[in-house]
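These are the structures, in structure tokens.
Both of the next two complexes hold chain A, though its partner changes from chain B to chain C.
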Partner chain A sequence: MGGNLCKWTISYFAAALAWLIAAEVLMVAGFGFPSADIAAPDTLVLVHMICLGWLSMAMCGALFQFVPVLVSRPLHAEGWILPAFVLLSAGLIALLAGFLALGGRMPPWLWLLPFGATLLIAGFALVAANLGLTLWQSRPLPASARFVALGLLAVCATMAFGGIFALALFEPAPGSLVSSVLASAVPIHAIAGLAGWLTVTAIGVSYRLLSMFMLAPDVDAGKSRLVWLFSAFMLGAAVIGGAVAVLVGQGLDLALMLSAACGLATLACYARDVAELYRKRKRRKLELNTRMVVWSFASLGAAVALGAVLAITGSLAAHVGALVFLIVFGWLSGLILANLYKIVPFLTWLETYGPVMGKAPTPRVHDLVAERRATKWFVMFFAASWAATALLMLGQPLGFRIAIAVIVVATFGILQELIRARRLTDVAAPLRLPAGALAPRLLITRT
Partner chain B sequence: MTEFIDVDVRPILRAGGEPFSIIMATLQRLAPGQGLRLYAPFKPVPLFDVMAGKGFGHEETELGGGEWEVRFSPVGQAVPANEPPANAASADDWPAATVQLDVRELDPPEPMVRILAAIEQLVPGQTLSARLGREPVFLFRELTKRGHQWRGGFAADGSTYELTIRTGAS
Partner chain C sequence: MTDRDDLIAAVRDALRNVIDPELGHNIVDLGFVYDIAIDGDVAHITMTATTPGCPAASFLKEGVASSAMQVEGIGSADVTMTFDPPWRPAMIAPEVKAELGFAELN
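Up next is the complex of A and B:
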């Protein structure tokens, strides 16, 4: 049975949102790219706060709740979730301190880099083992769970490269294999993380969540299988092809081109499937989350178009920062925020009213949110993300920081809406806490 | 006391045959409450998971010479492998449904709300049958917590989920 509530999912979401806001505030302050170089230690601090602290923590929290739903089987080990949280958080803090040390903002304690990397690897190993064993015991896997399996392989690959980088930065040895990996394999690390782990997993989960939220029939298994195959090739070309190229001392161009071609095919087929889900939905009036998810898809499409134009005109290197920003904010962050706006109220509703349902009148899920009020925060978030991308392309660092300031306001707005849902603030008094119902705690779910 | 049907796969394996399909075919023919006693030339560990998924627990005894006797018996709490068909091994002895609901046209989670409301009106032992548009994944947890038994699965058309619930004593 996969319908149990995960005790720590909300805690992961809360930590993730805290990391997001911290990173955004640093960006407003002018920390890291574009004021600093894109490879500068300060930029690495930002990138890892967002990709590990925000996106990965939110993704892990969601997977702990939804992988059991995808495979109709309880999680392999509930007890591993909290240790993983501690390892990931401590590892990230140590890694960020290591980057600060690397940039001369702290004493030169470069051992913090491999130390942080080790904790992170241990944390992700615990996450991947827990989810991986749950999937393994559920074979044959439904289509959406296959994507999660692929995403877990990708996070392992990302961690492997990250670990090697940490070693190379800790003890530079020019000419060694470790150093040559650091010099050339950063794109593999980024593709495995952003495209493999975060995007492929999001694609898989979205197949199921979109059909659940919009009451659409599941996409034909053959169609989603094609998307899975292309994304596996994309990941294989980047990680295996890229690793071979680094080992034999060749450039990465061929591997990256193959990977990009497979990535395009993945997204083209995925776009077709998503369009079908929206077209065949039975819930005619879209809810805020499914409307906002459309905007994150639009951001992904825009990122593909932008990447293609930059590659064709040979200006990819000059604008890779803007491209990554669009992917990270418009696509991944927008997608996750929109889904949090559905998932958090739904889990809160189930936690609070499930035990008394049928015994006392209970509110509907919809009564926990105020979509009209929340819409403006999402509009601000997406509009400012697109503006910030454009301002980066135009070389306007100050304008970029102003746009990020708008994103901070929007993020706080969405966070406040989520807290209101958790606190049942918008539920009318007579229904709010029927006899027998317990008010939910903010950060930990009662199971 | 569980009655067992014997399957000896030792001669099949010695002849180079494939025993899995025979085990599964026997399983199909079991009457409710019947178990399956397996004789095998090795400890059939992979089978344990498969059988657990079909609602069978196991006890094994080593016979010597590497051979094993394994008794699979139905358990009340099936551990489903993929679909969660039930927390009850069989519904054959359940009374006819007192309440029948068709909630296929309702938006989730409304079917869950309606079913739980209807269940509260029944006396212990009575059953409810419902037709849903989707598998109600989050309902099962609540049914189990309230001590109810259920069986469910998609109908042959693949689009209607049929659920039967027998109310528990609580």
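Up next is the complex of A and C:
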């Protein structure tokens, strides 16, 4: 019973949301960029809370549930999920403490940086091995799963660079290879993480989820393969080309330009495929999640346009913080929050009503949510994310903090909607808990 | 109509207690039930789901078996999940199609 539900997916989501809210509150308080420099230790704390704590934990939780759906095969080792959670969480806490030590907010225990990095590498290795072996045993892979495989390679590359940075910060040795990697390879680390791991994986999963949720015919395999190839070239140019450039002591410009060109081609083809999925959907009436995902796609498009304008006008370095903010909040966070609004009620339904199906009347997944009430939180989230980006560009740190305060309210609103779904609060009484059904626990799925 | 036809109709009716949670309609009207055959007191049911690997599939299968066994005259149920042919929205009953707000179907 319930063999298709992952016990820990909801726990990963809960931890992810906690990290997101913690980071947002710190930003409202004026911690890190833009009050501090973009490379300051405080900013590194924020960036890693959001990219590892929020985005990566949410992505891992979703993949443990959805990779088996993508390949129609159970996960290689359900038992590895909790140890990975512990390693990732402990590693992130140690890494953040290391950054605080680096910035003088704690005693100078810089050993925390390589210690945290080691735990994180072990955690991601466990995640990548678990998902990777599941994929390996399912060859030939369907199109969407190939993106996940590429994303897993990207997270390994991101971790490798992160590990080298941690060593370089722990024991600075001017002139050494490790130090030159730290000095020049931060863009590779960021591209591998944000574009490779998070965006490429999200693209792959979205092909399947959009098609499932909107009952749209799958995108032609040839078209999605083209997107995959461009993604692979984007990642290869940044990681392999970039690493070679660093090793031979050359600048990264050529590798980054090649990577950006492939990234543009990836997104152009992906935009064409997403438009086709929406156009050909059988289910005409969109649900809140598929409506809000459109806004995250719009943010991604806006980020591409903004990046192009900044690069052409030579002002990319001055506004890279605003660009990264738009990608992280408008695109990735918006996308994940919109999908959580679908995934959490769906998994909660299966956990609660799946076992009594056919034995008692059950509500629909849709009965677990109140879309009209939830819409305002998403509108606030996206509007404030775009406003915050504009305020960063205009050099208005106070205005930026006010916009982030609105994002905090919106995030709490969305969190409250997810908790209501978990607690079946919006399900009408006669159907809420039929005989034999057990109320779900908030943080762990009953399997 | 023979007794067997009556029993098949009764099993089909019982399966209307099982809904697809996502679409919110019973699986018979959604066209998930491909075939029902009766052999003695055993109901052999061939069914599908919207997508292979769907986390709801095993629950649907168990729900179908439970529902069928509630029919008088059915002692056990043998449920086969197949994705050949794959389910298509065109298999939905016309009145449900309209209610779900579906586009022109193929």
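Note that the second predicted complex is superposed on the first by the 444 of 447 C-alpha atoms of A that agree within 3 Å, B and C clash if a C-alpha of one lies under 4 Å from a C-alpha of the other, contacts with A are read in each partner's own complex, and residues count from 1 in each chain.
Everything that follows uses one rule, which is that a residue touches a chain if its C-beta (ideal position, glycine included) is under 8 Å from a C-beta of that chain, and two chains touch if they have at least 3 such contacts.
Note that the structure is a prediction, hence the values are computed from the model and not measured.
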| item | value |
| --- | --- |
| Superposed partners chain B and chain C on chain A - clash or fit | clash |
| Which of chain B and chain C A:Gln137 touches, first, second, both or neither | first |
| Touching partner for A:Lys285 - first (chain B), second (chain C), both, neither | second |
| Partner chain in contact with A:Pro172 - chain B first, chain C second, else both or neither | neither |
| Which of chain B and chain C A:Gln65 touches, first, second, both or neither | second |
| Contacts of A:Thr362 with chain B and chain C, given as first, second, both or neither | both |
| Partner chain(s) touched by A:Pro397 [first = chain B, second = chain C, both, neither] | neither |
| Set of chain A residues, in rising order, touched by both chain B and chain C | 1-5, 69, 71-73, 212, 215, 282-283, 346, 349-350, 354-355, 357-359, 362, 364-365 |
| Residues on chain B engaged by chain A in the complex (per definition of touch) | 49, 80-84, 87, 107-110, 112-113, 115-120, 133-135, 137-142, 144-145, 159 |
| Sites on chain A touched by chain B in the complex | 1-5, 69, 71-73, 137-138, 140, 142, 212, 215, 217, 282-283, 346, 349-350, 354-355, 357-359, 362, 364-365 |
| Touch list for chain C against partner chain A, complex | 15, 17-19, 21-24, 50-60, 62-67, 70, 89, 100-103, 105 |
| Interface residues, chain A side, partner chain C - complex | 1-5, 65, 68-73, 212-213, 215, 281-285, 346-347, 349-350, 353-355, 357-359, 361-362, 364-366 |
